[in-house]
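Note that chain A is present in both complexes that follow, paired respectively with chain B and with chain C.
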Partner chain A sequence: MDKVIDFEHKMAAHCETGTLTALLNYNGLNITEPLVFGIANGIFFGYLDSSNFPFPTIIVRSRPGQVRENISKRLNVKLNKWRFKDPDKGESKLDELISKGIPTAAQVDFFYMTYMPDWQRVHINVHFINIIGKKDDKYIISDSYYPRKSELNSDMMRKARWAGGFMAPKGFMYYPDEIPENIDFKKPVIKGIKRACRNMISLPVPFVGVKGIYKFADKIKEWPSLVRDTDHLSHEIMKINILLEDQGTGGAGFRFMYATFLQQAAEILNNNNLLDLSKRMMENGDKWREISYFAAKIGKNRDLGNDRIEELSLLIKKRADEEKDFFKELRKAV
Partner chain B sequence: MPVDKMPVDEKKKLTHEIKNLIIEKLKITHITAEEVDDDTPLFGKDNPLGLDSIDAIEIVLALKEKYDVRLADQNLAREILVSVNTIADFLEKELKNQ
Partner chain C sequence: MKEKDLYVDFEPQQAVYYVEKDDSSYGPIVSGSQLSHDYLDDFYLKKKNLEKQLRDQVVSRQISPVFYYMTLQEMGIGDLASRVGISKRRLKKHFKPEYFEKLSLKILKKYATIFDVPMISLLQLIIVKQEDREKVEIEYMNTKNDCFIITKIGIKNNG
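Now for the complex of A and B:
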């Protein structure tokens, strides 16, 4: 089967929002990646230190898949979705969709995206790509992390779609089937903002939202007692930088993307308060980026004495203070 | 206007400024601004400056501080922090929009 769909390839800040945005755009809905992120209340914070994790970690966005589900619900977009236990069936369904000219998003293990530079490829089971054709047994890929369209042979695609482990893709794929005409973004934008505020300041859970940031600030002081040695501590501290900046976060743990969303929301709702809040969130993002840099630097230099960890903790606490005020203001603004 | 079409003097001034900014911020002593070619890769195995990913964040912060521009997303940053010339291209575009 040789079929290549005429699909506009664009890079994006984050794979899940980027893939969904590209599919919505292809199907005629004019929407930006930050708007998708904001309407779906993608902004989040969580400090996770359960026994399921080898070491405490942070999350800076809603769980994978939630952006897609929230967009479907709030914009009334019908998504056709599948998971397959049997790779033969999964591959054959994908080929059927491609042959019909339907660009389809697939969940994959990022490690098998062999067109990416080797140093970037790590095992992450929740990477999303758009598959936009098949030629000479190679799939044509639009990966929002790669500057151009690329190719992946069917064996590698199979490995990527049926990789095992935590959050295994299980052949998951989807495409938007029905999109309403003339969507009014006002209500979905307000809903997305209100839900983000609820998640950040009102959930009675001690490790999510602003409470999670406070917990992070507090618990990081205990990290030196949880590690094997200085190298281990250095590794974990430097990971803060990766989690905030280098996992498709759009920069500063998705705070820059949320600021851009608020800028667009201000226009949609004709609400200048949101414009001011957008600028404030951008500055908040700058401060998160400083945390990221500080963590990377002390980690790299093995400059990990108690005073440094205290300093890092204080920087994080300041973000918690700021986001607590910020989301209260934001809730009042809509 | 892309850097290629900037007046030669302006382009030279901007690229020189960027090189000095990188060298000063990263406290690089083994090479001078004059010795850095505008198209030399800043990162990767053979870069003469010996930069790593942490230096990349420092450059991003330095560009923000000096020119008030944000490289918000890391995919964009990878495209822009390729060489002094690609940074100059980006700055030219951003500064025009300010």
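Now for the complex of A and C:
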């Protein structure tokens, strides 16, 4: 089967919002990535320490899949979705959709995306790509993280879609089937903002939202006792930069993208308070980026004594203080 | 952050970042990764040091190749155990050479698929001499027999 769909490839900040935005755009809905992110209350924070990760880690966005589900619910977009136990069935269903000319989003383990630079390839089961064709047993892919359309042979695609493990993709794939015409974004935007505020300041869980940022500031002081050696500590500290900047966040742990959403939301709702808050979020993002720079610098210089870690912890705590106040203000503004 | 403060020229790793444009509107730009632009050498240096440490531990029979690849690929124990379809306790046994030596080909194949290496790479490490690295290319060719691959070693045309 050879078929390549005429699909405009565009890079995006984040894989989940990027694939969904591209599919919505392809199907005629004019919507931006920040608007998808904001309506779906993608902004979040969590400090996670579990055996599913080799080291304690942070997350800066909502649970994978929630963006898709929230957009479907709030914009009334009907998605056709599948999961498959049997790879043969999952593969032939994907091929069938492609042969019908339907670009389809699939969940994969990022590690097997062999077109990406090797230093970026890590096992993350919640990467999303759009599959837009198949030629000579190779899938044609539109990956938000890659500058051009790319290819992956079908063996590798099978490994990636049925990788197993934590948050296993299980061959998950979807495409938007029905999109309402003339969507009024006002209500969904308000809902997205309110839910984001709830997730950041009101959830009674000690490691998520602003409480998660405080926990991160506190727990990072224990990191030196958890590592193999200085190289390992340097790597983990520098990974903070990767998680905040380079792992599909649009910079500053999604804070820059959220500021962009708030600017667009201000226009949709005709609400100047949101414009001020969007500027404030951009400044908050700048401070998160300072944390990234600082982490990279001390990591590279192996300048990882207690005083430096303490300094890093303090910078993180200040973000928790700011975001606690910010999301309270944001809740009042809508 | 303003566009000019964020933009980095680094073609090998590009991504979309949201910035403040000249007209004060916020929007996306494509930029190189600042971290990789500045510190990629350091990343590889640490990776090389870690590989050497782990290799020494495999050679001296302190750890198994399963632990070697898991650590190099930064996988969590819970995640890897779930991918293989075994308990964490059993996985931990596979970290020890004495248990690794008893593993079936079926299990080895699972590990090889997960780590995306040929099954033989769980039993041997091929290292090309430093001075020949630019010249030599190695190609693993799968066959219809899952337990048998053909390894082609050649000199690159420009070598």
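Methods note: the second predicted complex is superposed on the first by the 328 of 334 C-alpha atoms of A that agree within 3 Å, B and C clash if a C-alpha of one lies under 4 Å from a C-alpha of the other, contacts with A are read in each partner's own complex, and residues count from 1 in each chain.
Operating definition for what follows: a residue touches a chain if its C-beta (ideal position, glycine included) is under 8 Å from a C-beta of that chain, and two chains touch if they have at least 3 such contacts.
Treat the numbers as computed from the prediction; the structure is a model and nothing was measured.
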Chain C versus chain B on the shared chain A, clash or fit after superposition: clash
Touched partner set for A:Glu290, first chain B, second chain C, both or neither: first
Touched partner set for A:Ile268, first chain B, second chain C, both or neither: neither
Contacts of A:Val227 with chain B and chain C, given as first, second, both or neither: neither
Contacts of A:Ala12 with chain B and chain C, given as first, second, both or neither: both
Comparison of chain B and chain C by chain A residues contacted: C
Which of chain B and chain C A:Ile179 touches, first, second, both or neither: neither
Partner chain in contact with A:Val122 - chain B first, chain C second, else both or neither: second
Which superposed partner A:Gly250 touches (first chain B, second chain C, both, neither): both
Partner chain(s) touched by A:Val334 [first = chain B, second = chain C, both, neither]: neither
Offending stretch of chain B which, after superposing on A, collides with chain C (from 7-15, 25-33 or 61-69): 61-69
Footprint overlap on chain A, comparing chain B with chain C: 11-13, 144-145, 147, 241, 245-246, 248, 250-252, 256-257, 260, 282, 285-286, 289, 292-293, 296, 300
Chain B contact footprint on chain A (complex, rising order): 11-13, 144-145, 147, 241, 245-246, 248-252, 256-257, 260, 282, 285-286, 289-290, 292-293, 296-297, 300
Sites on chain B touched by chain A in the complex: 53-54, 57-58, 60-61, 64, 70-77, 79
In the complex with chain C, residue positions of chain A that touch it: 11-13, 18, 33-34, 50-55, 111-112, 117, 119-120, 122-123, 144-145, 147, 155, 159, 163-166, 168, 231-232, 234-235, 238, 241-242, 245-246, 248, 250-252, 256-257, 259-260, 263, 278, 282, 285-286, 289, 292-293, 296, 299-300
In the complex, chain C residues that touch chain A: 1, 6, 12-20, 25-28, 30, 33-36, 38-40, 42-44, 46, 49-50, 71, 73-80, 82-85, 88, 113-114, 116, 142
